[in-house]
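Dropping the structures in below, format is structure tokens.
Each of the two complexes below includes subunit A, the first together with subunit B, the second together with subunit C.
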Partner chain A sequence: MKTKETETHVAGSEVAERIRRSATSDRPYRFLLRGTALFFGAVIVLFVWSVLHTAWPALREFGFHMVTGSRWVPGTGPYGALPLLVDTLLTTLIALVIAVPVGLASALALLFLIPQRLRTTSSALVELLAAVPSVVYGLWGLWYLIPWLNKTLDPFLAGITGGAWPFNGPQEGFSVLLAGIVLSIMILPTIVAISRDVISVVPNDLIEGGLSLGATRSQVLVRVVLPSARTGILGAIALGAGRALGETIAVAMVIGSNPQLPRSLFSTGATLASTIATEFGEATGSTGSALAALALMLMIITAAVNAGARLLTKRALAHR
Partner chain B sequence: MKKNFRGKLGVAIASLGLLSTFAVTPAGATATLTGDLTFASSDGAASLNPAMGGSSFDEPFFNAAIPVYMSEAAKVSGANAPSAISLYSPTGSTAGKKGVVAGTYAVGASDVPMGTVVNGTNLDASILTGANAASTLTNYVQVPVVLGGVGMMYNLPSLNSKFKKTPVILNSAVLAGMYDGAITKWNNAAICHLNPKIVNLKKNKKGRVIRRTCALPSTTVVPVYRADGSGTSFIFSNYLNATQGANYKTSAGTEVYPNTTFNQGQVPSDGLGGQKNAGVAADVEQTVGGIGYVEYSYILLQHTLPAALIVNAKGKDVAVNPTTVAADAASFSASPPSESSAGVVSNFSIVNGAGAGDYPIAGYSWAIVREDWNGLGTVGGTSASLNSEKLVAKFLDWTVQSGAQGGQTVAQQQGYVPLPAYVTTLAEHQVSLMTYNAQSLALS
Partner chain C sequence: MTDTLTDLPPDPILERRAEIQMRAAQTLGRRTWLSRVFLVALVAAFVLALVPLGSLIFALIQRGVSSISWPFLHTLPTQPSLVDQSAIGGIGNAIEGTVIIDFLAGLIAIPIAVLLGLYLSEASSRAANFLRAIIEIMTGLPSILLGVFAYEYVVVPMKTFSGMAGIVALSVLMVPLIAKASELSFRGVPATLREAGLALGARSSRVTRGVIIPAALPGMITGILLSLARAMGETAPLLLVIGASGNWTWSPLKQMSSLPLLTYNYSGSQYPTQRAAAWGVALTLVVMVMILSLGSRFVAARLRRERR
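Right after this comes the complex of A and B.
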């Protein structure tokens, strides 16, 4: 394994070196490529600058209170985004708690358990979930999941825990729990598709080696296949989390748009993205700037998730 | 579909009956305009397309009125009539105002008039200041275009079998309590007291009633409000302010965001936010115990849930419908929306009318236009010229006319209440204030 990879790497860099030293006739082409790369770099820089520029008046006026304050009152302020931050992270966490085990199990099933002739169909069905527009998920949540939560899930959860935290409080259907459930379905195809792809390239030698040592099939899947694909799986989770953090319309339709710190999973709430979407149209004065500050926070969080995933990936690679 | 049609027909018939009730003598401004559909070829109106947008409350009206206007004008002016006007963009009341100030809309509609002052704060201070030269209200005219009521829609299925014909009665104190978090259960003593007919009777063996108990359920009250900034929220909080005064825990500021006003920015933790009128209606439908404020047509035309009767200033329980909303507007004939000598409109609030038949939660919606287009460059995507300003002025004047071909007839068909005569007069006078390079537009 190791030698093979290193060889490819060396070969790759030689090719790149050869391209770099190539004939002068390639120059316009090189300029074109560099120009395109620079253009996208410039777009990102300008984009960040414009968000920062719009958010600056609010950041200057309210400062750190925007992150620590717990009252969000559009129109006049105060603009304390702590409830929005907490609700954003909480809904994403709920989505991951549901979608990661289900997604990994589906990926393993698609590769190892489902009969060959059904694999293509079932893969296509899972990927179809990714093609459904998010507003459709919102409507589904509003029309079908809310009655189900009201009649079945919420009373069940409150029943088995005796109404203890976090399953206490009034049950309205609209809740951070529902937003998390809807998000989990939305990020499932991402997690399934990517983890299926990375698991499928786990070398057969490893799997056969495990089996020949007397391990059962489930032992091989859990102890051999998943660990050797963990880098890619982390990437899949990070991409899923990125989508969940930034999802707007579906969340705005089911979370209840009430910016408050959650008292339980049945609480209504509002996320960073859903608040921007619901309040931007009518935003005047300081509200517009405060919403830009929310956008900035969202960008920082998603960038941090991406960076974290990269760091983990790098470590995982280094351990190989 | 069928149900909708019948509903709309009902509104149209009910509204037509009302026309005769507005024989109030116009005070102040005199009616001068009659809705001008004539265009000469020198008007160049055929290809003009001034963009309009704003309040979602007005969307059904404008999108029905624009095609009707073009076809009516074509009957009079043939090929010279405007034929290229795009439909209205329902981007929201504040977006409508911002669009007019920035010149991206030729006509911007808002349920909250420009320059509204609440508790000493001018709601539009941040819209009207800045780099824009036209920072004073005298640079704009405001034309009231439609009148509508706001209904309190609620969801209590347990009352459906026995009390289907007995809508719940609420008053402003109870509504304020629900949205402030002071009233949390539907069988609260204050609500039971207002609803003596919603009772369970306990009878003795002789069949005589020995005890009456409140039949309202102990369901939690879930107040549903608009999560986006909204003119409907403005009308509702305007009503609570006018009726509850000191009891209502209001705070100064932008009342288009209800959660600014409800309990000083703290919506009850059971509260739900919905997007636009349709979102509030959907949230109430999905939530047992929910109550929400929506524009009247959403209760009548699209949804199956009842609207509460509201106790008005005379102590009567009144349902929301075109008759009662029109009666409320008529109660303000002595102190109607008025103009200053500089032509700035004020005194537009029509909540809590004094008449016995008045439904107390209602308001006008306004079309806002720049008063003089000379030197503006581009307005609403068309070049600012005498011709384009004239077209917009003629269109607005037509929208407020109630004759067979007038815009108010279209409004009635869409479920709105026709403007009272003295408000039409004000609207016409506002349009007549429009000038180009300080010269009158000479409309007829």
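Right after this comes the complex of A and C.
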């Protein structure tokens, strides 16, 4: 009896000892995880540093003129990125003007109006659109949207406005307008998917409350569902905007690569990202540095927009 | 009694209610009609959103299939001339370059990203939260910035464009995506499973290896395949750093060819034959991307079913 107790006791202490040892010998694991985190943190720092460091000569030479100057001629300074900034914002704005209403309507339709069986298929289609590489959108824009703009949309817009600003000037197809339209199609999946998610967490009580008060379905959607999901919807829009601001290849293919302030929506242009893409190959010396300065601006803008977007969507989804 | 009741001043709430009911009844017809119009408009907008998708897929299949042939897929490109514009050759080396670059970038990114995802799912220090926020922001940064990064640290020191630079750019692109996806799937593993493992005396590395990773596997694999798909279609960073090649290149230290870049270059070619062939390149690329992204769904569903 006595011996057995001692045995158990001994075994118990052995287990305790093993547990203690295993806790200490688990250190390599902790080190590994922390080490990886530190390593990738260092990569991120290097990444930001690479852009800053390359941009530095241009920033020092041209200073704030880099942002406010409106002359951008590849190969010769002083460089001013104002036309590129304007075109970046303008194409994103066009994209949002088209994609936000269509995207919100699609999200509402997907959630409340489309029959269940079609819903999974349509959701899969939307995700399919998101998986298509951007170069393919650019190719499609070149082959299908340019003829459509030339033949139909541009003359129509110029026609109904009497050629007034901003629908004046020569119609070449390649234009800020076309880039905006291509972007709107590219950000549509993002806006639909995220706003669908944030709308789906609107409590059913609210919707049923609205209906039981005698409101029609559209009244409930517009006055109950959309307002209570507005934080998340803003987040979805910001995410879409972030994507549009940074989209490179598709824009470079359709905007016409002309770094001048746009005279109208029909004029060719160049965005921050598209300019880096099209000019980096031939860039030497100060041009390279000026392009890195564009990259820096792009990084600051998109990081800010994305941070805002994450904050908004996170807050919206936390309310579920 | 009855006198005092009728003498009472009219109840404002009842009056208001009657007024509301009257208004509601009066406007019912108009509201119902407006509602119908609105709902139809919503569905119409949705259908409108599908039009570009339909057109894109139709174009890819129609134009892509007509320019793809077996030789197109496995031979080297040739340079067309004004005399013989049809001599565009194939895209074999671009397929090979794309696969090599994507595969090696994944090989670098996956271990780092999975460990990072583990760290993020376990740690809750301020540093970890900060890193998590930065990584989330990184997933939304334009990929061309990674081209600048790879140019500075790979192309400049090596003094040449190379597939390696593309691999570096794409692996940095993939790490945040995979880390995010694996963090989510690690967090999705029930705490009771982890605690059961720990209560049996296993150290946490053993619990991670034996319990958490197997339980989180479907989510991880989905994340990995989707990130590989995303990276495969990236053009912008490769445009800055991998150069071009007309030959089979098995060494990533040399310049390489890749499908997205070839699509871009062909689309702006002076030869109509190459411009048309851009669709064939694009279709090949899209099929490869779709295999990965549909594969992710399939694998995840398969693993989940086996689990049951």
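Going forward, the second predicted complex is superposed on the first by the 265 of 320 C-alpha atoms of A that agree within 3 Å, B and C clash if a C-alpha of one lies under 4 Å from a C-alpha of the other, contacts with A are read in each partner's own complex, and residues count from 1 in each chain.
The rule we apply is simple: a contact is a pair of C-beta atoms (placed from the backbone, for glycine too) under 8 Å apart; a residue touches a chain by one contact, two chains touch by 3 or more.
Computed from a prediction, not measured in an experiment: that's the story for all the values here.
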Winner on subunit A touched-residue count between subunit B and subunit C: chain C
### Message
By the touch definition at the top of the document, which applies to A:Leu46: first (subunit B), second (subunit C), both, or neither?
### Response
second
| said: Contacts for A:Ser267 in the overlay, against subunit B (first) and subunit C (second): which applies, first, second, both or neither? | reply: first
Between subunit B and subunit C, whom does A:Gly103 touch in the aligned arrangement: first, second, both, or neither?
second
- Look at A:Arg71 in the shared chain and tell me whether it touches subunit B only, subunit C only, both, or neither; answer first, second, both or neither. first
- Applying the touch criterion given at the start, work out whether A:Pro147 contacts subunit B, subunit C, both or neither, answering first, second, both or neither. first
- Touched partner set for A:Glu282, first subunit B, second subunit C, both or neither: first
Does subunit B (first) or subunit C (second) touch A:Pro170, or do both, or does neither? first
One more residue to check, A:Ser257. First (subunit B), second (subunit C), both or neither? first
Check whether A:Arg196 is in contact with subunit B, with subunit C, with both or with neither, and answer first, second, both or neither. neither
Shared subunit A footprint, subunit B vs subunit C, residue numbers 142-143, 253, 281
Note: in the complex, subunit C contacts subunit A through residues 24, 31-32, 34-35, 38-39, 41-43, 45-46, 48-50, 52-53, 55-56, 59-60, 63, 112, 115-116, 118-120, 122-123, 127-128, 131, 133-138, 140-149, 151-153, 172, 175, 179, 201-205, 208, 229-230, 232-236, 239-240, 260, 263-264, 267-268, 278-279, 282, 285-286, 289-290, 293
The subunit A residues in contact with subunit C across the complex are 15, 18-19, 22-23, 25-26, 28-29, 32-34, 36-37, 39-41, 43-44, 46-47, 50-51, 53-54, 101-103, 105-106, 108-110, 113-114, 122, 125, 128-129, 131-140, 142-144, 185, 188, 192, 214, 216-219, 221-222, 239, 242-243, 245-249, 253, 273, 276-277, 280-281, 291-292, 295, 298-299, 302-303, 305-307, 309-310
Residue set of subunit A touching subunit B in the complex reads 71, 73-76, 78, 142-143, 146-147, 150, 170, 172-174, 252-253, 256-260, 263, 267-268, 270, 278-279, 281-287
In the complex, the residues of subunit B that touch subunit A are 91-95, 98, 124-127, 220, 222, 227-230, 251-257, 259-260, 265-267, 269-275, 279, 282-283, 286-288
